[in-house]
Every structure is written in C-alpha cells, then in structure tokens.
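We call the chains A, B, C and D, going by the order they appear; numbering starts again at 1 in every chain.
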Amino acid sequence: MTNIILDIDNLVVSLGKNPSGQRIIDGVSLQVREGETLCVVGESGSGKSVTSLTVMGLLQKGALVPTGGSVKLVGEELLIATERRLRQLRATRMAMIFQEPMTALNPVVPVGRQIDEVLRAHTDLDARARRQKILAMMEHVRLPDVERIFASYPHRLSGGQRQRIMIAMALVLEPKLLIADEPTTALDVTTQKQILTLIRDLQRDHGTAVLFITHDMGVVAEIADRVAVMRHGRLVETGTLDTILRTPTMEYTRNLLSSVPSLVPRAPRAETDEPVVLEANELGKVYRERSFFGKAREVAAAKDVTLTLRKGRTLGIVGESGSGKSTVARCIVRLIDPTSGGVRLAGREISDLSRRLLQPHRKKIQIIFQDPYRSLNPRVTVGETIAEGPINYGMPRAEALAKARELLELVDLPADAVSRYPHQFSGGQRQRIAIARALALDPDVLVADEAVSALDVSVQAQVLELLDEIQKRLGIALLFITHDLRVAAQICDDVAVMQHGRIVEQGPAAQVLTHPQQAYTKALLDAAPGRGWDFANFRPVEVAAD
Amino acid sequence: MLGYLLRRILAAIPVMGVVALFVFLLLRLTPGDPAAILAGDNATPEQLERIRTTLGLNEPLYTQFFTWIGKLLQGDLGTSLISNVPVLTMISRRIEPSISIALSTIVLAILVAVPLGVIAAWKHGTWIDRFVMGLSVVGFSVPVFVIGYLLIQIFAIDLRWVPVQGFRSITAGFGPFFERIILPTCTLSFIYVALIARMTRAAMLDVLGEDYVRTARAKGISETGVLLHHALRNAAVPVITVIGTGFALLISGVVVTESVFNLPGIGRLTVDAVLARDYPVIQAMILLTSLIYVTVNLLIDLAYTLLDPRIRY
Amino acid sequence: MAIETLPEPSIPVTTPFRPRLGFLTATPIIAVATICLGLIIAMAIAAPLLAPHDPQLLAPAQRLKPSSVQFLLGTDAYGRDLLSRIIYGGRISLLIGLGAAIFSISIGLVIGLVSGFFKWVDAVMMRVMDGLMAIPSILLAIAVVSLSGASLMTVMVAITIPEIPRVARLVRSVVLSAREEPYVEAAISVGTSLPKIMWRHLMPNTVAPLIVQGTYVAASAILTEAILSFLGAGISPETPTWGNIMAEGRAYFQVKPSLIFWPGLLLSIAILSVNLIGDAARDALDPRMKQREAGK
Amino acid sequence: AGKKTITAVMHSDLRVIDPGFTTAYITRDHGYMVYDTLLATDSNFKIQPQMADWKVSDDKLTYTFTLRDGLKWHDGQPVTAEDCVASLKRWGRNDTMGQKLMDFTASIEPIDAKSFALKLKEPYGLVLESIGKPSSYTPFMMPKRLAETPAGQQIKEQVGSGPFKFVQAEFQPGVKAVYEKNPDYVPRKEPPSWTAGGKVVKVDRVEWITMPDAQTAVNALQSGDIDFMENLPFDLLPVLEANKDIKIDVLNKFGFQTLGRMNFLYPPFDNVKVRRAAFLAMKQKDVLDALVGNAKYQKVCGAIFVCDTPLETDVGAETLVKGNGMAEAKKLLAESGYDGTPIVIMAPGDVVTLKAQPIVAAQLLREAGFKVDVQATDWQTVVTRRASQKPPKEGGWNMFFTNWVAADVSNPVANASVGGRGKNGGWFGWAEDAKIEELRDKFARSASADEQKKIAAEIQKQAYEQVIYIPLGQYLIPSGWRKSLTGVVDGPATPVFWNIDKSE
C-alpha cells in the first residue's frame, strides 16, 4: 500500500462565507497516492478548478470559502493552515501548473528569474547554486539551449516551451503533489503529446502524485491511473482508468464517454453530382504589417490553396495552430481580402468585388466563429441579432423577427429566446444562436471556423448533430475548420490537411484519416491522444477494428 | 531602436507643424494689439500706427507667418515686442522655477500616489480603499489656487515654517531653494496624486486578476513580492501613460501655482504674454511646451520598452 | 434534443440602452453621492425660487457683510447676497460641466469612430489631435476667450477643445479593439452597412468608458472655469458661477473666507458625487467588471 | 554683505523701460529712478529747478535754462545742453502737453555747453508747468544719442543722470527690475519735496519684484519678504493695520479719478439726451463703494479737474455727487427715443481697479431703463477694442471705464479725455465739441490763474452738458511698508526711492 499524498474528504466550498450559501463544491472526496495520476474530468463549470485551487489555498478571497470537510497533504490539514504555512508548502510540497502558459507567466520577467524566485523563497542556496539547479531542471524538462532560454522573456518562447518552464518551476523543489489544471488544452496535439509524455516520465522518476484536470477523454486515456468524474460540484464516480472507460456505472459518465467522437471516420456518404457552390483557386494571403516609416513585415499565411465544395457536402480543413486555416476561411468569406488567387461562389468570382458590389453575394455565404462568448454582441437581443441579416437585405422587421423565432426553434431553442440577451445562454446555446444567425440569410455555404472547439464534449456532440441535421434538411454546403481530428472524422466527407499555409493532403475523409500519405498527416494522427480507445463503445480501438 | 527614435522624431514634425499653425492663426485672429499696451493709455493713433509698423504687425498674416518660420529655422525665436528682450533669454532665465516645481511635483506625486494606489488595490473594497479613493477625488475637486492659499495660510503665515513666496535658484543653496519650492510642489501635487493614485489602483486591480499573479502566489512567495515584483511592474505601463497625459494638466496647474506663489516661471511668462499679446513670446512658449509634450511622450514610449519586453519598436 | 440547462445562475439583464439605474444606490456612499448631486441640481434648477435675493443686485454700501438674517451667508465685495449667488452660480457651473461633457463627447465620439474605422482618416486626424493635445489647455482657453469674449458659450468651447482629442483617442482605441471582435465580423458577413455597424456594434462599447470620461470632463470643466476666472479670463463677473465667486473671493481670503469656502464646498461635493457616480456607472456597465465578479 | 536693499512690489510689472515710449505709470516710476528732470513740481504746485535753473525774458518769449554743475550721465559723460535740447524735442513729439508747447515754440537751441534757450512764437502760460510736469510723459533728460532714437522705437540703453542706475543684467520683465545707487549723483541741497529738492539716496540697491497676485504680495509684506508694497488692496487693510510692523500711508494725495466714457459715433450715445440720461443715472458713491469701500480712501468729487486743486469746481455735478438724478434720468431716457438697443460695456477681468465700475454702472443704467450687455474680456482687448471705430455689433463698443492719475487730468490741456476733437485726433469715444476745443485753447493762452479758473469752470459746464465723459469719483490708494523703512517721500508721481533709509 503506497502513501496517500493528498486526501480530500467531503470538501464543501461555498459562495461567500455563509455555509448555507450556494455550494460550488459539495461533498467531494478524492485521494491521490504517491506516484499515481488521478485525472479529474467533467464538463465546464463542474468545479474541477475550484477543487484544485482549494488545495493550493488560492481561492479568491472572500468570494469562495471552504466551509466543510478536510484537505490533508501528507497528513497535514490545509484548510486550517495559516497563510504563512501555506506559502511554505507551496512549491515545496505541492505545486501547480495552469492551462494558459502565456498568461500564467509574468510577461515582464525573464523565465529564469521566475524559476529562481521559487528557490529564493524556499531555499538558501547562493546565486550560483540556484542557477545550476535551474539549468539542470530546464534540461530535465527537455528545453533546448537552456542558457538562452534562461534569460528569455516568456513571449519569446513557444507555447510548449512555456509550459515546460511552468513544469520546471513546479517541480524544481520536487514537491510531493503536482496539480495540473488542463495543462495541454492550449497546445497543439503534437506538443500536447510531448508534454504528456514529459509529465509521465517525471512522475515516474520522482514518484510525484499528480492531480490532473482535463476535459479531454483522450488525454485521460493517455495519462491516468485513476479517474474521477465531476458534475455540478459533486463527485459522480471514481475508479481506475480501465474500469471507468470500460464499465462506467453512472449514466452521466456513460453519456460523457459516448459523446467523445471517434477517430474512426464515419461511414462515407455517397458521392454526388450536385453543383459546385464554392471554389477556391490558388488562394493566397500575405499579411503585411505596415508601419508609418518602418519596414513592412510579411507573413504568408496561405499559399496556393485550392478547394472545391459541392452542395450538401462537408469539407473539413484540419491542421495545427497557425497553419492558416482561419486565414483561408476569412478570405473565402471576404472578411479579409486575399492577396492572390480567386474565390468563386455559385459560379461568380467574388474575390475582387468592391465592398458595395459584394453586398448581394454576402448572403450566400455565412460564417460561424469559435468563441461563442464573443461572437454575439452582448448588448443586442438574440432576436435582433438573428434578424439583422434579413433586415439588411430588405425584409420587413416584423417578418424578420418571425423568421428569427422559426430559426430558434430549428436550432432547438425556445422561441421566446428572441427577447433575451446572449449572456443568459450557455456556450452551447450561444453557438446555436450563431448558427441560427448564419442560417437566417438562407446561405448556400456555411463556414464553421472551430465552431465546436470551445464546447464540452457532450454539447459538442449536440451541436455537431444539429449541423448534420440542418445540412440534410437544407442541403447547405459546409466548410468545417477544426484542429480536432476526432471531430473531423465524424462530420466531414472530404478533408484537407494544412501546414504552413499550404494544403499538404486532400481527399475523402475515410482515406486521409485512415491511410494518410503524407508524413505530416501521419504525425498528426499519431499525436492524437487516446487514439487507442473507442470511447463511445467502451472498448479499445483494436477490438473495434475487428 | 535608433531607427524607431528617428521615426518618432520625424513623426513629431507634423504635430509641431499643426501646433505652430494653429497657435499662430488663433493668436493673430485674437483681438488685441501689442502696440496699444506698449504705447500706454495716452497714446495717439499716429503713435500706435508708427509702433505697429516698426513691429511689422501691419504686414499680411502669411508674410508674418513665414518670416517667423524662417527665423525659427535659423534658431531665432525673435524678440519680445513688449520688453525688447530676446525671447530665448527670457525663457532661459525663467525656466528653472517651472522645471523645478514640475519635476519635484512628479517625483513627490509618484512617491505618494503609487503606494496609495497599490494599497488601495490590495485592500480592494475595504475602508482603506475607500479612504484613498475619497482622498483622491477631493484632490481632484478643489481648485489649485484654493489649495495654494490654504497651505500658505497654514504653513507660511500661521506656522511661519517657510517663506510665503518667491524662488531661489538651486545654485544659491539647497536650503533656500527647498523651503520655497516645497509649498508649490505640495499644492500642485494634489491633483496629480489624485490622478496617479486612481490609475495605479485601477491598473493594479486589473493585474491582480491575471493568471501570472496566481502563479506567483502558487510559488509561495511573499505577498509584498507578489505585489511589487509581479503586479506593480505589469501595472506600470498604464500608470506611466497617465503620468504622461497628466503632463498637460500639470502645465495648467503650473500657471496658477506660479501666480499664487509668485514663482518667476515660464507659466506666468506665457499668461502675461497672452494677456499682452506678446506674440513672439507666446509662439515660442507654445512651441516649447508642445516640444516638451512630444518629448515626454517619446520618453514614456521608451519607458514602455524598458518596462515591458513585449513592446519593441 | 433537450435544451441544456443553464450551468450558471443567470445574471440580470443590463444594457447601456436600458441601463438599470440600480447602481446609483449600489453602496451607501454612492447613494449619498446621488442624493447630493440630485440636491445640487435641484437647487440650480429651482434657483429663482430658492434664492432670497437677486444675485446680481449690487448694494455697494453693504459690501463684505458677515452672515445676518437678511444675508444668510453675508455679502460679497459688491454687496451682493452670497447665498443667492452660490445658488445661481450652480446653474452656470453645472451647465458648463454638462455642456463641456456633451460637446467633447459627441465631437470626440464622431472623430474617434471614423478614425477607428478608416486608416487614412486616422493618420491625418490623429496628427491633428496630437497637435491639439500638445497645446496647454489653459492657454488655449485664454486665447479662445479673448478671441471672442467671455460668454458662457465661449468658455464652454474653450474648455471643450482640449478635451476633444482625449475623447477621440479613447473612442478610437475602443473601436480598434472592438472591430476585431467576432460579432463585428459576423455583422459584416450578414451585410450590415458601415454606419450601422458603427452605431450598433461599436458605439455601445464606448459608452462605459465615455461615461467615466464624461464625468471627468465635467468635473475638470468646472474647475477650469474657476481657473479662467482666477486668471481674469472667465465669464462676466456679473453672472455668478462657483468659479468666479471663488476667484473674486480670493482677494478677501483672509477677511472673509466664506467667499471661497461655500462655493468651494459645493463644487467639491458636486465633483465628488459626479466622480463617484461615474465610477459606479463604469462598474455597472463594463462587462469585464461583471465577469470578474462572476469569477471567470 | 551689509548692502542695504529695498525690495518693493510696485503697482504693476515693468516691461517697457523707455519713459518716452509709453505713458504707463510704472515706466514713469522707472524714469524717476534712472533719469532726472530739468525742473520739478514741489508740494505747493510750484515749479522748482532740478537739473537746471531758468530765466524768463521780459517779453515772456525767451526761456533760458542753465544746467547746474556736477551732472553726469551714468556712462560717465557730462550732461550737456545739447543732450537736453534733444531730450526735450523727443518729449515734445510724444506728450500732449509737450505737443502743445511745441506748437507755441519757435526754437530750442543750445547756447553753450551748459545752457540753452527756448523761444516762443507768442506768450504761453504753461511752459514751466510742462517741463516740470511730474507725471507721464515726464520730460526726462537723456544723452543726445538716445534722444535721437527714431520715432516708434524704444531707446536701446538705459543711460540717465538720475540717482539710481539700472542693472540691465538683472532685468527680467515680469519678474524683477534692479537699481543700484548712482555714486556719482550730486543731489541738490534743498530737502525733498515731491519730485523737487535733493534726491539723496540712502540705500545701495532697490529691487522691484512683480507679484501678479495681490494676496501673495500682502502675505509677503506681512512676513517681511518684501519691504514696500505700492498698492494695498483695500479689503486687506484691516489685516495689515493690525500688524504693528507695517506702516500704511497714502503717498499720492490726489489719487486717481475713475471715469466712464461713451462712444459718440453710434446710437444710442450719439444722442446727447441719452448721454444725459446715463449721466443722471450715475452715482459716484455707489461706484466708489464697490471699488474702494473704505471712506478713508474714497472721495465723491464732481470736479472734472480733480478736487483739492486750483481748478476745482462742482458746477453741473450735483446728481453725480448726490446721486439723486435717477427719476430725471428715467424721464429723459423715455423722451430721448432710445430704442432699447443694448449698450455694450467692456469689462476687463484682469485689472483689479477696473472690475467694479462696469458692474455698478450697468446696474444703474438698467435701473434707468437701459438695456445693457456687459462683455467680459481682458484689459488688452479693451485697449484694442476701444480704438475701434466700428459699430458695437461689429466689434465696436458703447462704453468703457478707465482711471487717471489725478495729477494728469488736473487741467484742461493735460486732460486728454475732456477734449472735443472728434475722430480727428480725439480720445477714444471721439467726442466732437468745437466749443470745448475753443475753450481749451483759450485756457492754454491765458496767463492769469483767475482767468484759467473761470475757463476751466466753463469747460466743465459744457462737458457735463454734453456728457463728454463721466467722472465717477476719486480714490486714494494706500501704500504699505515695513517700519524699518524711514523717509518715504510723497508726491504726485510716487513711489520714489530717494531719501528712504532702511534700518536693519
């Protein structure tokens, strides 16, 4: 029996000091043993972060207060520890890494110094010894060129490098407990894989207990020893990885797992001869950052991109962050002007039309954005937002609002939502509103730029289903942009893989995603976490393939 | 960096051009005749006319403008119409008091306001916060001259700690300089402290909500370390910015403070010149102040690069 | 498919167009500020009913009298009733504050919106604004006042001009960041015209910062008017304003401090209230603040 | 070390330092420091020799002036008759009284190094009074090379023969002006009396400090930062009177006359009935109460040529003095056909002694039934705008106010504002009145004091009937100094800094 490092027992965290106030965390009990990784999963807002911050003693003062239960770190009660004692424990016994590596590091202090602070606060090593130790640690987390990075500011480092710095900072004093709150969510799949491997290796070497928070089942499958599922501030169930994945007992867990899209492409739809509605020919975009007197800086974000999309079909664009996916989408919708090549919409060239001439064509192509929180004007009612397009194209207001009501029903929202404001809706609901807005103009083409990436898997599944249904009903062509291969596999007829602004591979989804020709595509597929599992069917993929 | 500096300085030229033209036109359209003040009450129209011709005030406006610009480009700021003294001499003799109070005000204000703002943000929502903010709004809402008179009454007349008025050059010794500069500085600092403290508090509140502050706390370093090393440095950019934009405010304050404390500075020189329509002096002064403004803002932009490594030019 | 349940308790509806005035009583301090400002405004509006005397009526023989039953706060250097002058003075002072705020904000808003959207306008406009900002405002004010006499209007214009660049820059920066928001791009893609985008999607973002800026402008306009009077370039000494009552009264600072004290007190209370309310309005309108309160 | 320095705050700041260039009193005061005069007026209004003595020929046509010994310019050169002739000619171009004198003068020629002769075309009663006139433009003597500076230009150097030397290096317009004792100055033997008599300098250095804010200056006087303050604000007198270290006294016993002037070119004041109505509405006491508010320093005075002078008379001034003309004013205005056009009154906000008049006058005029538009501006604008002959709507004006040093308006020749020359060289407002001009001329030629007095009374009567201008009362301005100063001299052109000693 190994030691229990973290023992959370019946923890209650309330909003405000009053124990009878709203409970954000309600009776959660968890244990993490030495050398073990416990993954906490659950939808957004289920209390994962609050739990971890409670352990660290970093809850926002006055707003969130632990009002019951106990949290013990190697036997020491943390809830009653003084601020001073907590400060001593942080970084020495327990450490934490956060989701956003860019914002989690102080932008104005060189990263070496930021690690150094930990040593200065908790040890009395001299400057040279500290530096030695830091450099060693940086090498340990497999950072290249450590001397240079030591003196670099965070913005000079890539996301993966920043996250390695965070890990180095967390582990430099070899704490007993490492809390990782979605440490890889903001990273590319390839980088994510490296970081996950790193955490695993370090844990093995040092016997650290890891509390790993994520909402990505794939990551869970890669890293967890045991899994805890949370919902609405309560623990739903907990068990070993295998048990949870194969034989979840609770309905919620089953739903969660079955919402995870499979990496195995869905059954291909029949090829059609429907007319081509959208064509991109050798599209190119060079961003020029012009300054008043200075030299212009150029970024070629898209090069020679050629795409074809037929009515009723879905074309996916996949690729790593920064590969130019959004650039292509925005050129096609003419939110930005392409620097070369052409875009034909329903047979009409639109890439060189002026703002005025473009106006009649705009309604034929609509776009949905990634961030459901920012894509709706918070000060305009949902009804007005949806009706805006039709009104622009001459529909009387009353009629447009009636149409908005219909559309809301189409996307499964109550019709009375028209008079409400966006902040009264959840992320998934907002994304439906955005879809309704796009549909209001009866477009031929719908461009979805990471339209489901910000959503929980269960919600994601619902939205994907909705898109599918709408496509069937209205025969709309869908240009679907995503970095998530699982999603692409489930929704696309054809897939284009982008790297550095170029399309490296293009073809039917089944072919590209199962028998990739290009090394890049292969690497991408290899890095996808949990690709060994077919979550929806509660079994490993090998079995499914049989 | 050097290239950036050069570009900034080039970019300042149109600004100065706008200022020069605007001021020139505004002044020349303003009624008022320096010849009249020169000649005094009993002067006859012929005498006025003679003086006007001698001063070149009868030339067409554009001729006057280009003559002025031409001389300016040769480094000649002209001669005061009223006192016949070269403008450059006038300004150089009177710049010390103004610079002294402006600088000491900025220093004092920063020394007082930044800690106040930091504490207010740290103790956000407590009575300390409210007290600091209340104080800063009061500083904002009392006219400078009222503050000046109050301080004089208390410290110079009732307590007799310092002289009532006047200025001694720092070359005459620090003691006399200091005792005459302290009240004007305090007077002027009021509004500036208010401004900076508010901005510091707001910026600190923003920064304290950032992830890296949470990271710093998670490292187990002390609260002062978190506040000063992590939060304040990141809050510095908006604070520095407000110090820069507050500079214009400072100039207005300087004008009044110089009158109240009888400091022979350039603020009063300018107001006197405006009231006497001493065009060469006004034009030179406005150019000077806008030059200072442009320079201050340039320095502030440079300070950004020192404070925030992400900003590069 | 079932409708998702709302994961978070919903927040009450607040929009700039139908602002809930609830923030005016959000804390006791702000409630007091609201009441004070309300009283001062009421006093200014009802001046003819409240003032015991004609504020302009001279009685040189009665000059600088101390408080008495007839003159509650005594008289000024021309024997005019101080109380009546202060009551009437509030009218002009508040009008100057309000006027300067409205002028500078409406002009600055237009300039800011346009230069935020059109690059070439921006390049020219911002140079001009830079130029204006570089001129010390008090001197500009003196020049404008002597250009066209010291009427209420010119003083207001004089105070407004230097504020315009600040407002314009503020609006511009808000527009520059807001135009990158996906909802603005979405509006473009549904074919919304530029003016409508500016009005409907960009302008509302500027409301919260502009309210704060407006209260700041109003406060500093009232003060600038006082300083102009101090320098002898203010509104006609016949017409009472808090500023010129104080500026005239400063000569009698040692003999009759109440000439400065009372208008100064009212001025401070007014500015204090305006500032507090402005801050509260910002907190109430700024979605960022709300998010922070909501915890995320 | 051990240098005796007087620090003084004068009534305004010194900017123009050529006393022949401006009538500004501060420049005149500067003149008395640096320059000397040929003749001077003593406290009995008698002309006394200062730099020179004189003789008059029996036909009253030739005046011979002889310079006394020991006179030297500050640059070390002796003062010559040639210098004085040039200086007188320069003054004769600038000053109104000087111009009048020159009209009567046939020639001024040096006789030898020490004497010169002034020859008249016909006898003229005011030759000595003109040359010995105490106030601006005061005929100060300067070297010939300076006196010959072209018209419209200021002299380039400050070289006089007066009791003090100007320290050019320390001069900062708007801040301070510094004077040092002239060690070479040989004072007359007589005791000082006004600007006449011995100008014995007892201190080493005099500094004039500019303080734009009266409150600050009073504070400085109280705290001992300064020794002397020329104009004390009336309302702070109680504070200063309570201070036993400070002496308060009036140096210029005639003080000032404050007056209102209308624009004769445009309605409604082109109509004498309307002017009369305005005249009748005025009450000197109200104006003085608002301006001064201290019975000790104000004087209701109906005399156009100032009270307590030989030409004093109260003819025609009853309503001004008693303030009982309002009823009649209303009646007259109603009869005059005044159409209710607002009267534009210029009100400068930056001159303390001119703030009250427009306000009080406006109220009295309103009471009489006028519509009044008080336009606040600065003094510079008033000075410029009052010279505009345009209609009030186009940047002109209807009425403004100013103050004279009483001594400068105490006779009809010196008093420019009583003239009737109209647009042709008349004073702002351009009153045209042939009769007055005739009387002024007669006054200048008359040699007997009695006759002069009679003519002056006639002028005053005519001036009030036509309302050439409205005197609004006389006031005195007290000066204050620390008791460490002794021997402060009074006079019509004060302060002067000779004869003052300072104890430690």
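Keep this in mind: a residue touches a chain if its C-beta (ideal position, glycine included) is under 8 Å from a C-beta of that chain, and two chains touch if they have at least 3 such contacts.
As the structure is a computational prediction, the values presented were derived from the model and not from experiment.
Shared contact partners of chain A and chain B are C. Chain pairs B-C and A-C differ in how many C-beta pairs are in contact, and the one with more is B-C.
Remark: chain A and chain D have CA centroids separated by 87 Å (rounded to whole angstrom). Inter-chain spacing, taken between the CA centroids of chain B and chain C, is 22 Å. Chain A and chain C have Cα centroids separated by 45 Å.
With centres defined as mean CA coordinates, chain D is found 40 Å away from chain B. Multi-chain contact residues, meaning those touching two or more other chains, occur in chain B at positions 31-32, 149, 259, 275.
For chain C, the set of residues that touch two or more other chains comprises 146, 231-232, 250, 253-254. For chain D, the set of residues touching two or more other chains reads 215, 350, 378, 380-381. Chains that are in contact with each other form these pairs: A-B, A-C, B-C, B-D, C-D. Chain A makes touch with chain C in their complex at residues 22, 43-45, 60, 63-64, 292, 330, 333, 335, 359, 362-363, 365-367, 369-371, 374-380, 388-389, 392-393, 412-414, 420-421, 423-426, 428-429, 434, 437, 440-441, 459, 462, 465-466. Remark: chain D residues 13, 15-17, 21-24, 27, 94, 96, 136-137, 151-154, 171-176, 209-213, 215-217, 219-220, 222-223, 225, 350, 378-381, 383-385, 387, 395, 402, 408, 416, 425 touch chain B in the complex.
Interface residues of chain C, counted against chain B in their complex, comprise 29, 127-128, 130-140, 142-144, 146-147, 162, 166, 219, 223-224, 226-227, 230-232, 243, 246-247, 250, 253-254, 260, 264, 267-268, 270-272, 275-276, 279, 292.
Residue ranges on chain B touching chain D, taken from their complex, read 31-33, 36-45, 47-48, 50-51, 53-54, 80, 82-85, 90, 93-94, 149, 152, 156-157, 160, 163-166, 259-262, 264, 268-269, 272, 275-277. Chain C makes touch with chain D in their complex at residues 56-58, 60-61, 63-64, 77-79, 146, 149-151, 229, 231-238, 250-255.
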